[in-house]
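Below: a set of structures, written as structure tokens.
Two complexes are shown next, each including subunit A; its partner changes from subunit B in the first to subunit C in the second.
Let's look at the complex of A and B:
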């Protein structure tokens, strides 16, 4: 990918290669994360440059606001609209009893779980997730992370400013003021990650070297140096 | 003082609660009744049964400032100035006072440069700050924030925290999914299935939650 995109006074620039594995794109609100997700999904066209896909036959973008995905009057219909067997999607989303409910009667957390389960079951070669954790409670965030970590093939790109519950990732990228910067692969990328969550920063300051970015990784690294 | 007695409303079931702290964090899983509790406490909804008293008055007789989770859905006016000025205007304050109040609120939140802008041109974080300025205009006695930090980055969230700390409100009811933010409150209510499952100082409440993911991440690594 190598592209430039601008709208009004905002310009986004980025280049890099997203290989197989889980990538985290972090950065402040308004830095261009969602715009980059739309560009990578092919829903926006760059002004100059291109997004080239190799070996990517299918791609899905999970939108930040799950209600924007809804096209059917029932939860089961919504799962079917993704081309899935509704029972499978509802079981994964832990919503089996809600098949006939109106999707708008689900809570935000439940709706987010449903759309996440649908995208994961579709198992696209390229999976783009825009703020998959916002407004979820920590229990649901953890489940979502577990579901992402179980995906064993393809390219997964998570765009998020989450600072407490994160999945195990392979590479870190940062957006700031519309510019995408590659921090590299984990764990070597961790010390140069400017938007690292406070617990990770604390572990680094203590001299610990976490192997990944989760809270459990920070605690294990601290245990190793504290004995 | 916030007093709740025999409250039953939708899924809420709170037999009795009296809190005499300024900054009160309301935490708990999605769907546990946090937003419903905030609505009842700010007078947006009348409870089916029971009473809520803020400062020994019913919520409708108290000046309450409200910041919702999605500022996009609560902004009413197309200009930032009109949005912030709507608070004194709805209270029928005279024009010179309205102008002074709106400008002071924008100054307090650090968004004076946005006053002439259209609300639709703002970023999500800026919209949250405008909603906060509108809530703070005219010095509310009670400030209520419903997961206002869910869609904010660390820098903007810190700015919101500062404004809330410095506001003259006697009580701040702040619902959040950031346990590290809740750990800085004076008092914490942990809600589950419509009930207040734990309440007390952050140390008291989080010691009961140590086995769960609701324990603050910084406490987890520092202790």
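Let's look at the complex of A and C:
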């Protein structure tokens, strides 16, 4: 990927290679994460440059606002519109009893669970998740992280400003002011991660070296140095 | 045309003229060619062409039934051009200002608020159609007759829900009836001549052409 995209006064620049594994693109709100996700999904065209895919036969994007995915008047119909067996998606989203409900009658968190379950069940080669943890409670965030970590193949790119509950990742990228910067592979990238969560910063300040970016990794690293 | 009062008056007169007769529509088209930025005021082809196609389909059905299909197509297309120009020129708050100027702070404010909400609803609807297009692209759904109905239902439900939310928001903010604004209008030197010229198509559409022109034959 090597691209430049402009809209009004905003310009996005980014280059790099997203290999197999889980990538976290972090950065503050409005830094260009969603725009980059749309560019990588092929839903926006760069002004210059290109996004090249190698060995990617299927791709899916989870949009930031789950209501933007809705194309059917029932929850079961919505799951079916993803080309899935509705019962499977509804069970994963813990919405089995809501099959005939209007998707707009679900809370945003429930709707997020549904769309997240649908994208994960489709299991594409390239999975782009724009703010997958927003609107979710802590328990569901942890469950979502677990499901992401279970994906054993393909490229997963998580675009998020989340700083409390995060999945185990293989690489960290940062967006700031429309510029994408590669921080590198984890754990080497952690010390240079500017938007690292407070628990990771604390662990680093204490001299610990977490092996990944989760709270449990920071805790384990602290335990190791404290005996 | 900068003055929204004259623009609204001109659009009303020209639309009535275009609707009433083919001659009125032809005169309104001449007015559109003379006093508007013409093609610059049109929406992108993806929005305009489906609207023209809908008018053409109705005209075709009308022709089939022995009606004046071609005249209908011409008249409605001219109205569409006028509507596109008026929509492109309208700025936020103008409808409220015109309504308050015309009907006062109570009835005018209510009418203007409804008009403003309607116009802003159009741009929201356009965004929602874009979002739905993105969603169906992501899901790999082929656009067709079978997918149109649930999409249309989704869009209508979303619009109704949004209207309900705005109504609740107004209540929460203490809105009951009416309001007070001091409307101010900008004007262009060409506004008045253009508005006066808009009367000609209206007159042409109401007068039988044989009474105005001596027709040979």
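Note that in this section the second predicted complex is superposed on the first by the 227 of 227 C-alpha atoms of A that agree within 3 Å, B and C clash if a C-alpha of one lies under 4 Å from a C-alpha of the other, contacts with A are read in each partner's own complex, and residues count from 1 in each chain.
One rule holds in what follows: a contact is a pair of C-beta atoms (placed from the backbone, for glycine too) under 8 Å apart; a residue touches a chain by one contact, two chains touch by 3 or more.
None of these values were measured; they are calculated from a predicted model.
With both complexes superposed, B is the one of subunit B and subunit C in contact with more subunit A residues.
Touch criterion met: A:70 reaches subunit C, while subunit B stays clear of it.
Of the two partner chains, neither subunit B nor subunit C is touched by A:156. In the superposed model, A:212 makes contact with neither subunit B nor subunit C. In the superposition on chain A, A:60 makes contact with subunit C only, while subunit B stays out of contact range. Once chain A of one complex is fitted onto chain A of the other, the partner contacts of A:102 are limited to subunit C, with no touch recorded for subunit B.
For subunit B in complex with subunit A, the touching residues are 28-31, 69, 121, 123-126, 147, 150-156, 177-180, 212-214, 217-218, 220-222. Of all residues in subunit C, only 131-132, 134-141, 147, 150-151, 153-154, 157-158, 161 touch subunit A in the complex they form.
Within the complex formed with subunit B, the subunit A residues making contact are 8, 27-30, 107-110, 131, 134-142, 161, 163-165, 195, 197-199, 202-203, 215, 218-219, 222.
Listed in rising order, the residues of subunit A touching subunit C in the complex are 41, 43, 60-61, 63, 68-73, 77, 81-83, 102, 104.
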